[in-house]
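Read through the structure below, which is laid out as structure tokens, and then see the notes.
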């Protein structure tokens, strides 16, 4: 495509200035796995591409009880990182299953979140861990809880002049799991996915967070379902009721991958599996 | 407007005049003329365009060309060392891991990246790592055999 | 809940076009250095037509296979065949190659006979040389023959063309069509596991054997049997260009929404083998078969799903949704 | 002398596939090569009131446009001759080519295409076969009375008869009926459709193709270009996966027309979306099977009704229902067979050949009937097949005499491989005699 600008700043300050100047006319490019197919298929003609791969934003650190991930950290890095595997297990599982080796090398966690697909695997795990999204602009930085970050299919609260800088994950006290269901065993978008964080005291559930993906215009936090099991003993029947509640709050659609009817059925089964695994119930 | 792209390709420095939306696949095939890397879907779904950037497997069709500035790119044409086929190329040929051959270059580059990371991968590790490379002729079983043969040092 | 099931099937696939009249041509040229060029019109889709036709040419000529090069993209100069479809190449094209080889050998023997001053019937063509019967001292290597023919001067191209029988159409009343090519036979046995809550199917073990008349290249037969699963398993479980459910408006237009099998969808355990009942119509009994390896797994999956779930599913692809609806319908 | 037939050996032309030097059509580039993009119907069924391509042609970087008027010969090709290179009046399926633009690169071609003014009246399409059979269904083919393929005026059903079907069902102790629905599948080869064409030094139209059947396609192309074979050099031989998809022409005709009109090298390639959504397919099927059998498992009667969805054009569908019918009773000796088959048009992509070619679809239905028969009789599924399997000399549905039968040998090898111990009475059987 002719006359498309390209910027590849190596300083964050310079990047924020460019975003301030160009705003929506500068399309942020990290891995490109969601963006470049649209360009290749003539669905999107960007004015300018702002490549953020030279800012060194690919790191995973532990700081003040949180895991801090640079927005440009690749899915492959996350899947292979022991810190994440141990302390944010669901995110490592989501990264591991999110795509093929080649796409995982370039797809970034920031891109996964900013693209705001309702079925995003990594964002689903982050939602179950109450992650916070650090945004930066010339006006300063701000942190948004991921549960408040998505406003619609492909839409977020990020303003055009803001760069998604980092993702902060409060290290979960309990166990986190991630389950995904696609239309084949690998290299498949999610027909439904779920991530669960459970803090158990023996058979009793002390804390619960349930995230459900591909079942509504945005990723869902199933607070009603969480309330059902908090403070209760969690056995297989409780898990099934909780899953039914979680799915009841969803509003899946029909599309070429699956029907809403199927998504509700399969989504419910998936949540039961996730709850059972997180609470070590063997059914 | 055009941009100058300089990177290392199969061990040699190359330059190319590119548009900002040209992908590495466009540049390799249509500007530099190395057509071993194939275009199967342009959306990162088939893996036929897999190349290595700094020895990591990548979809060349998803990679904006300008982002490889200063990086090293390896394509199937870079596997042959002198006149000697790479062990994976020999094994793919002998085990019948290529029928129509259109996905084969992508398979070889992914297989090389796998063996560089895990010299002795299990069958399930091979399946997981290679599952991003689609093949409609159905050479999966032979590709697994060929990778295992190379890993086993046969 | 996960349930296991086993199933089998026995299927056929015809090799060669129905009604016969399915011609293939081939030509083999002697080069001045005594090597050969086999020119064929068979398109190599990846099924290996150039490879196996070269094997037939080498056997019929009795020369080392390294001395034969194959050209199947000669454009206007190419001999003509019906095409690479209907699993016909392995049944039909070898005849054209065999006749081309016999034609070339006859031309060379006639030329050699003149050189030796003997009758052509007294010249043998074997082991990559020509010789006079019971006078082995009188012999010429193929290189000598090539150079000699070039300088005599002559151009020797053996040509061959063949089809099973003249074309006959269907009888308008009874649909009768007595001449078909040949038929190959396949059997499949498989074990699968199905999740009754998500409808997801895992193929644990798949065994497939094909009766191919003569396995011209056993490695390539194995490749074709395994290769057929890509289309067979896809059509059985996940591929749908124009789905009826949920409605007919959702046509997949991105490769990521059209689910052909990946490495991970192939069976965990896989066994493949050929059986050989030499077919009277095939050169050395050889038949084509490889379309059939896409067929056999599909009904075996339907049978295994019944074994696991106790319900007959009568539509393909058997997507997870189809399985849940079938279970739901069963109450 | 060593015998090569019977030996495993690697692919003759395989080294180029592992080194990346094997040349596929899309790898071919000529200096100054132009690129084609096609204006496709945005609707499933419609009538074009007006098409204005003037703005398209005037876009900088555009060599010109192609329409049906540029076809030197006939705007018709295909096994049954009804496919159209461009459909200028009444598109019948979404994505059907209407016209094309030829430009210096694909980006320019796409920009130019966006300026096309297409005034098209959208009509109600029909997607389901049985809807298409209803009296007031939308007509897929303009000017025809219904949506059925006609073998001859009024004859829309292909029939195969063997023996006496009524007598067969009278003899039967049991009957199983089944309706089987089979979907539409795409070949989905890794190589999307592509063609390169130019005028060569002998003023011939040179086309680089991945066709699976060079001679057949040359036969289709000559009347379109109105050229004898001596004026076309049709170069093929390698293909990045065909599976039947490349038994039909998708790009060669349009690339050839562009080369003839602009006298420059031209490349026309499908995007994956075009390949997946608009190329030829394995068409959908519905079967109605009625199988009569004895209590000992012998099949005595097989009545099969085939309904095959051909999509918007004929493709190879009549040939499909014929070949399917000939083998739809499986590799089994069935004395009484009646096959009744129909081809039905709908506003969908064209059904043509795909690996297994209709015979696959019949086998899937018949084998499911066999599995149901085994269950009903409480008979081992292997034994049911061994009993009925063809022996040499048995007769198939269209009166072909079976030679070199091998179903039993295939099953025995499969059982052996699967570690299944077949009972002695089956092991003694073979395909030579009953």
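Note that the chains take the letters A, B, C and D in the order they are written out, and that residue 1 is the start of every chain.
In this text, contacts are C-beta pairs under 8 Å (C-beta built on N, C-alpha and C of every residue); 3 or more make two chains touch, one makes a residue touch a chain.
Please read all numbers here as calculations on a predicted model, not as lab measurements.
Enquirer: So which chains count as neighbours of both chain A and chain C?
Expert: B, D
Enquirer: Just give me the whole-number Å value for how far the CA centre of chain B lies from that of chain D.
Expert: 32
Enquirer: Cα centroid separation between chain C and chain D, in whole Å?
Expert: Their C-alpha centroids are separated by 18 Å.
Enquirer: Take the average of all CA coordinates in chain B, do the same for chain C, and state the distance between these two points in whole angstrom.
Expert: Going by mean C-alpha positions, chain B sits 29 Å from chain C.
Enquirer: Enumerate the residues of chain B that touch no fewer than two other chains.
Expert: 40-43, 45-46, 96, 98-101, 127-128, 130-137
Enquirer: Name the residues of chain C that each touch 2 or more other chains.
Expert: Expected reply: 45-46, 48, 219-220, 228, 231, 243, 251-256, 260-264.
Enquirer: If a residue has to touch 2 or more other chains to count, which residues of chain D qualify?
Expert: Each of 10-11, 14, 188, 239-243, 271-273 in chain D touches at least two other chains.
Enquirer: How is the touch graph of the chains shaped: line, ring, star, complete or other?
Expert: Its topology is that of a complete graph.
Enquirer: Note which residues of chain C are touching chain D in the complex, please.
Expert: Residue list for chain C touching chain D: 7-14, 18, 41, 43-46, 48, 50-52, 54-56, 58-59, 62, 65, 70, 72-76, 78, 80-86, 126-128, 170, 172-180, 182-189, 205, 207-211, 213-220, 228, 231, 234-235, 239-244, 248, 251-255, 258, 260, 271-282, 284-287, 291-292, 294-296, 298-300, 302-303, 306, 312, 314-317.
Enquirer: Please give the residue numbers of chain A that touch chain C in the complex, ascending.
Expert: 37, 181, 183-189, 254-262, 265-266, 268-270, 272
Enquirer: Any idea which chain D residues touch chain B in the complex?
Expert: Going through chain D, the ones touching chain B are 10-11, 14-24, 26-27, 29, 187-192, 239-243, 271-272.
Enquirer: Which chain B residues qualify as touching chain C in the complex?
Expert: 40-41, 43, 45-46, 96, 98-101, 126-128, 130-144
Enquirer: Quick one: which bits of chain B touch chain A in the complex? Just the residue numbers, please.
Expert: The contact residues of chain B facing chain A are 1, 3, 19-21, 23, 42-45, 47, 50, 53, 56-59, 61-64, 66-67, 69, 110, 113-114, 127-134.
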